[in-house]
Amino acid sequence: MKENLSLLSPLDFIPADIHCAADYESLAARFIPAPGLEYIAGGSGQDKTLAANRRAFDQWFICPRLLPDLGDAHTRLGLLGREFAHPIFLAPVAYQKLAHPAGEIETARAASVMQSCMILSTLASQSLEEIAAIGTEEKWFQLYFQPNIEATLDLIRRAEAANYRALVVTLDATIRTPSLGALRSQFQMPADCVAVNLQDYEINSPRVLAAGESRIFKGIMQDAPTWADLQWLINQTHLPVIVKGVLHPDDALRIKKLGAAAVVVSNHGGRSFDGAMASLNCLAAIRAILGDEYPVLFDGGIRSGLDIFKAIALGADAVLIGRLQVYALSVAGALGVAHMLKLLREELELCMAQAGCANLQAIRNCRVEKVSI
Amino acid sequence: MKENLSLLSPLDFIPADIHCAADYESLAARFIPAPGLEYIAGGSGQDKTLAANRRAFDQWFICPRLLPDLGDAHTRLGLLGREFAHPIFLAPVAYQKLAHPAGEIETARAASVMQSCMILSTLASQSLEEIAAIGTEEKWFQLYFQPNIEATLDLIRRAEAANYRALVVTLDATIRTPSLGALRSQFQMPADCVAVNLQDYEINSPRVLAAGESRIFKGIMQDAPTWADLQWLINQTHLPVIVKGVLHPDDALRIKKLGAAAVVVSNHGGRSFDGAMASLNCLAAIRAILGDEYPVLFDGGIRSGLDIFKAIALGADAVLIGRLQVYALSVAGALGVAHMLKLLREELELCMAQAGCANLQAIRNCRVEKVSI
Amino acid sequence: MKENLSLLSPLDFIPADIHCAADYESLAARFIPAPGLEYIAGGSGQDKTLAANRRAFDQWFICPRLLPDLGDAHTRLGLLGREFAHPIFLAPVAYQKLAHPAGEIETARAASVMQSCMILSTLASQSLEEIAAIGTEEKWFQLYFQPNIEATLDLIRRAEAANYRALVVTLDATIRTPSLGALRSQFQMPADCVAVNLQDYEINSPRVLAAGESRIFKGIMQDAPTWADLQWLINQTHLPVIVKGVLHPDDALRIKKLGAAAVVVSNHGGRSFDGAMASLNCLAAIRAILGDEYPVLFDGGIRSGLDIFKAIALGADAVLIGRLQVYALSVAGALGVAHMLKLLREELELCMAQAGCANLQAIRNCRVEKVSI
Amino acid sequence: MKENLSLLSPLDFIPADIHCAADYESLAARFIPAPGLEYIAGGSGQDKTLAANRRAFDQWFICPRLLPDLGDAHTRLGLLGREFAHPIFLAPVAYQKLAHPAGEIETARAASVMQSCMILSTLASQSLEEIAAIGTEEKWFQLYFQPNIEATLDLIRRAEAANYRALVVTLDATIRTPSLGALRSQFQMPADCVAVNLQDYEINSPRVLAAGESRIFKGIMQDAPTWADLQWLINQTHLPVIVKGVLHPDDALRIKKLGAAAVVVSNHGGRSFDGAMASLNCLAAIRAILGDEYPVLFDGGIRSGLDIFKAIALGADAVLIGRLQVYALSVAGALGVAHMLKLLREELELCMAQAGCANLQAIRNCRVEKVSI
C-alpha cells in the first residue's frame, strides 16, 4: 500500500472489482488506515498461528461426486432447536467503528438482510440494545467475563432482555498481545471507538503485585474465568451457552458434559495464543469426541465458500466470519457486509453443486484429501 | 509479457526455439491476446486445482530399468476394440477460433497426420460435420447434455451420422466459474467465436427464480444431467459412451456398471471445481477399483512426454492434451499442433527407452516414487 | 545492513522498538561490526544445521487447554538439588568483549538481577574469579578439556574455589570450522578479546605430522577428550558434572551411567558439526531413554518464550540462551541482557497462561503437533 | 554472470576465495564460456532429476556420537582386492578439454598426487594410453559399448594393455538429450575437443528408418547394449567389470549374479533420464538387496565431504566426483583438481571426526534422519 494513497470513505455501491468474497480483503487497504489495518489483519506476536490457520486450508482438496440429485438442495441447518438458512454466521468482532463510522449498526443490518446470525461482541462500539432492535434475524451475544461478577450478571440480563438468543462465552482471550506488526505501526484505538456497553461498570483498580510476583500469573490471569465460573454462567441463564475458543478435545468433552449448548473451535483468529494449532487442524478430533450430533461451530481463516465447505467436511456445523466482515464493512458498510455474505453463500453453494453435495450433511460425508504443500 | 509487444499471426513454419512440447506454452503469449490467454491458461476461481494438477506431477520420480529389449518397442494401445498408434489424444477444447482463425479445422488436420484421436467439443467453433470429413483418423465427439432433450438427441444423431466413433459425455461442467485472472482481464469471447453446432437449437428461456431461491441449486443446476440421463444416453446410441470428469472411485465403478465404455479421470483442467483434487492424485484409486482391463483415460496438467509416462504408470491407458493443443494451434495452426504431438510422442518414447519400457503395459508396471517437494 | 551506517555504542537505556526478545537479534546489526556479526550469527560451513535448528521450532504447534487454575502458577524448577526461579539459563558464550567492552561482567550482572543461571565459558574474555564475585545467583563453569591435564585440573580447582556450582563440560567442539559467511567476511578476533583464563597455561607446541598423516585425525583430534577423560573429570571434582553437546540417545544413556549429573542436548548452536540434526529433533528420544527424572537441558535456536515452551514440551527441564544473550549485550550491556531475560520469561509465562500450564511439568504433558511446513 | 565479464585463463595458483570444495562451482563461471557452462552444469530436459539429486542430500541430517576413539581413524577402503586411501574417485567425465586446454592430462596428474582413482571416459579428449602413463595411482577405464563389436573389443584390449585396472561400463546413456538450458545457449562442442580414442574406428552409417518407424526405438536404441552384451564383456576380459548407471534393485541383483565386480548407483548426474529418481534415494534399497559386502559406488550431486558422508551412510563404499572435477580443472588445472580433492577429503574427515566415525564402516552404521524440507 502506498503511503500517499488517500483513504476512501465507505462506498454506497459495490465496487466493480469485487469478484469474490476474499476480494474485500485487498480492497480494505483503501478504506482503513494502515495502523488500523495492521491491528485488524494481524494476529498475535509473530503471527505464526495466523499463518497456520490459512495454510491449514490450503492443504485440503476435495474428491467430488458426479450427477448429484440437487432437487432439494439447500444450505439449511438446525442448531439449538432453530433452523438457520445457512451456516455462515458473523463472528463477534470488537470495536467495529474502527472500520465504519456506524460500526455494528451496519453489520446488523447486513446480517438481517442476509439471514446471517450475528454474534455481537461484549466490546462492541454500539449499544447492545440498539443492535438488538435491528431486523428480525436471530442474534447471539458474545460474553467476556468481567472483572466483577455484577457487571457480568448485568450483561447477561441485558442480553436476555434484549432478546439475544444465545450467549457465546469466549474463554481463550484472558490474555492477549498484539502482533508485532500492530505494535510497530503504533496503532492506537481512536477516541470515539469504545466499548460502550461496559461504560457504566465500575473498573477494578489494577492489582498491586508484590515484588517478584509474575505480572502474568498474579496480575492479569488472576481475573481469568474458571470452570466454576463457566458452570455458574450455565446455571445463571436460560439462554443456551456456547463456549468459544476450544481447541483441545478433552476440554470440548468437559464443556459438553457441563451443559454447554455448543462449542466454537477457534484460536481467536490467531489473535490470542501465537503458537496454538491451526483451528482447522483441531476440528476433526473435537467432532470425533463430541459425536455427530453435538453442535460444533468453527472460525479461523475462512476467506471463501470453499473454506466453509472444508470446515464443514472436517466436522463443523456452521462457521463464523471475522476479518472479512470488517473488511466488507469498511468498504461499503451494510451493503458491503451483505454482499460479502451473499458471495460466501453462493461460493458455498457453488462448491456443493460441484462436489455433488445436496446439503451440509453430505459435505460432512465428503471425501477430502490432505496434501503436503 | 510486455504490453506493447505486438501480437503475431500464426506462423507457417516451426519456430526455431521450440525444443520441447512445453515450449508452446510460453510462446503462445506472442500469439494470443492477454485476456484470451488468461481465459485459456486460467482454471477456476483462485486456480488452486489448476496448480495442484501440475504440482502432482512434480512429486513423482521413476526408477528406470537397464538394458531393456526394445526390439518390438511401440506405443500402441488397444481401446474400444480398435488399435491406436499412441496414447496421446486431443482433449475436447471449446472455441478454438479463439486461438486460430480456422480453429478446429487446423486441429483436425494435425490429428489426422499424427494419428491422434481428436475429441471434438460440443462447443466447437467449426461444424462437427466439416471436422468429421477431415482425414481418416478416428474421431470422437464430446457431448454436453443440452437443456432440452431434442437438442441432445440431435447432436447424438449428427455425431453418429458424421461417423464419430465414440461419445465422450462431460459430467463435471454443469456449473463453472472463470478464474479470477480471466475475470480481472475482462475477457470477452470474440463475436466470431461461437458454438456453431448449437446455433439451430432453441434456447430455453432462463428459469425464473422465486424470491430466496438459490440461483445455483434452483437455477443453473436444475439443468444438470442425472444418472438417469446417463443411462438414457448409453441406451440411446450404438456408440461407446465415455464419461469424462470422474474423480471419485465410487462414481467410476457405478459408471462402469451402467455400461459406459470408459472413463476419463479429469477435473476439467482445473477449470471446473476449484478445490477438487489433482486429477493425477485420483488415478490410482480409480484404476484399482475398475480393474486392469477397463479403459481409463486421463487429463489434467500434462505438458510433456514424461507427464504422459507418469499418468500411464499410475493407471491411465491414454491421455488427453488440452492447453498445449491450443497453444500450438495459436503458434502455427495445424503445423504447430502436429509438431506438438510429434514432440510429445517422441518425449514419451524417449522416457520409455530411458526407463526400459518396451510398451505401455511396461510403463504401468514401472516402479515410481513420490517425494515431498 | 547498509555499509555506511555508522555503528552505535552500547546504550544505557532500552530502545523503544524492542517489542520481544527476538528484536534484539535485528537490532544487534547496529551495534556489532558486520564481520563480528557474521561470526556470531553464523553457524559452521553452509549453516545447514543452524537453519535446521530454527526450522525445527517452526514445525511445532500447541494444543492449549482452557480455564486453567493458575493460582499457584510459577516457572520454578528443581535441578541438582537446588531450586531455580525459571528455566532460562545463559549459555556459555565465548569472547563476550566482542559484543561489549565489559563483556561477561555485564552479562553476569544481568544474570544476577534476573535470577538466571549463568554458565561462564572457558573462553571468557573476563576473569572467572571476577565474574564469580558478581551477584549472588548460582553460576556454573563451562569447561573445555585443555591440551594438558594440569591446565584442565587447574581450571577445575579455580572454578571450585570461585564457588561455581557445576561444571558444564562441552564435548562437541574439539574441531569446529567457521561458517562460510564468517570466512568471507574475513572476521578476525580483536586483539583485546582473548581467553584470559587460559593465558597462564603453557601452550602445547603443535603436533608435527608425518607425511600423509591426516591433519584432522592425527592432528587436531589427537587432543580430543575420551570417555576415560570424562570419567576422570567426574571423579576429580565434587561438583556436579553436566555434559553439553549430546544428540544421540545412546551417548546420553552412557553419560548418565557414568555419573554425570545432567546432559545438555545441543549441537553447539549449529557452530560445530554442519550436518548434525536439529537439536530440538533430538530431545524426545533422549528424554525417553533417560527417563522423566534425569535433568536434560537444551539449547539451539531459541528466540522466544514460545520456543522455550516447545523445548520443555519435548522434554527439556531448562534451556540455554546463546546468541540472544550476545545480541542484547551488544545493544545495552547488562541492561539489555536483563531486559532480554525478562522478556523471555514473560513470553514463557504468557505461553503457559495461554496454553493452560501452571508449571513446567504441565508443559511437559502438553499436547503438541508437528506439521510439515 | 555478467555478459561482459571477460573469461580468465586457468590459474597456476589456488584462488584465495576458495573456502570449500563447492566454491569451485561458483568460481567456474569465470573460466568457462556460458554455453559450455550450461552444457556442463545442466542435466537433461528440464533438469528435474538434476535438482532432485541435490535436494535428496539436503533432506538428511546426522546424529553424531561423542568422544569417539579416533586413534586409528582413517578413510581407507578395500575394493576389488586393493586398498584405496580414500573413497573419493574421479567420475568419468567426457571432453575435458572443454574446461582446460590440457584436459584429462591435468586431471590425471591431480588424481595421482591425491591418491584418487581416476576413471577415464571413453569420450576423453586425450589419449587413453597417454593418461595411463601419468603417475602410479590405479586408474579405471570407462567403457561405452561401440556400435560395432570390433571397436568395443579394441577399446578393451587397449585399456588392458595400458594397465587400467577395471572397466566401468556405463549402461544408462544410450540415449540422452541436453538440458533446455544447453539447447537455448546453443552450445557447440569446440572443434579441438574430440573423442580421440575413437577416431580410428569406423563409423557406422546411420540406420535408415522405414516410414513411420520410431526414430527412438528403431533408430537410436537399436544400438543399445543388451544383457547378452554385458555377459560377453564380463567373459571377454580379465579385468573386473563395474556397471555404472544402476538405480533399480532388481537390476543391481541381476548384475551381481552375472559376475560384475561392482555397481555404480548413478543417474548420470541427471544428464540422462530427466525423470529418474535421485540417485541418493536409490542407494539404500540397492545396498539392502546386494548385501553388506558387495561393492557399491555412487555418484550424483556430491558437492562436499558432508555429501560423501551421507552417501556412505546410506550404503555407498565410494563416490565419484563429476562436475566439481571439471569446475576445479577449469579454475586451476591439475592444481585445482588436486586442491578440490584435498578439500573434499578433509571435509569428509572433518565430518567423521564430528560425527564420531573412525572409519567408513562406522559411517555406514551412523544414525541419520530424513526431514521434509
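Going in written order, the chains are labelled A, B, C and D, and every chain counts its residues from 1.
Assume a residue touches a chain if its C-beta (ideal position, glycine included) is under 8 Å from a C-beta of that chain, and two chains touch if they have at least 3 such contacts.
Bear in mind the structure is a predicted one, so any value in this text is a computation, not a measurement.
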**OP:** Specify, for the interface formed by the sequence copies chain A and chain B, whether it is same or different in terms of residue numbers shared by both sides, with half as the dividing line.
**Re:** different
Original post:
Can you give the whole-Å distance between the Cα centres of chain A and chain D?
Top reply: 60
Original post:
If you average the CA atoms of chain A and of chain C, how far apart do the two points sit, in angstrom?
Top reply: 42
Subject >> Residues within chain C bordering two or more other chains >> reply: 372
Original post:
Each pair of chains that touch: what are they?
Top reply: A-B, A-C, B-D, C-D
Original post:
Within the complex, which stretch of chain A touches chain C?
Top reply: 45-46, 48-49, 52, 55, 171-172, 174-175, 177, 180, 183-184, 214-217, 220-222, 224-227, 229-230, 243, 245-248, 250-251, 255, 272-278, 281-282, 372
Subject >> Touching residues on chain A, where the partner in the complex is chain B >> reply: 17, 19-20, 22, 58, 61-70, 73-75, 304, 306, 309-310, 346, 349-355, 367, 369, 371-373
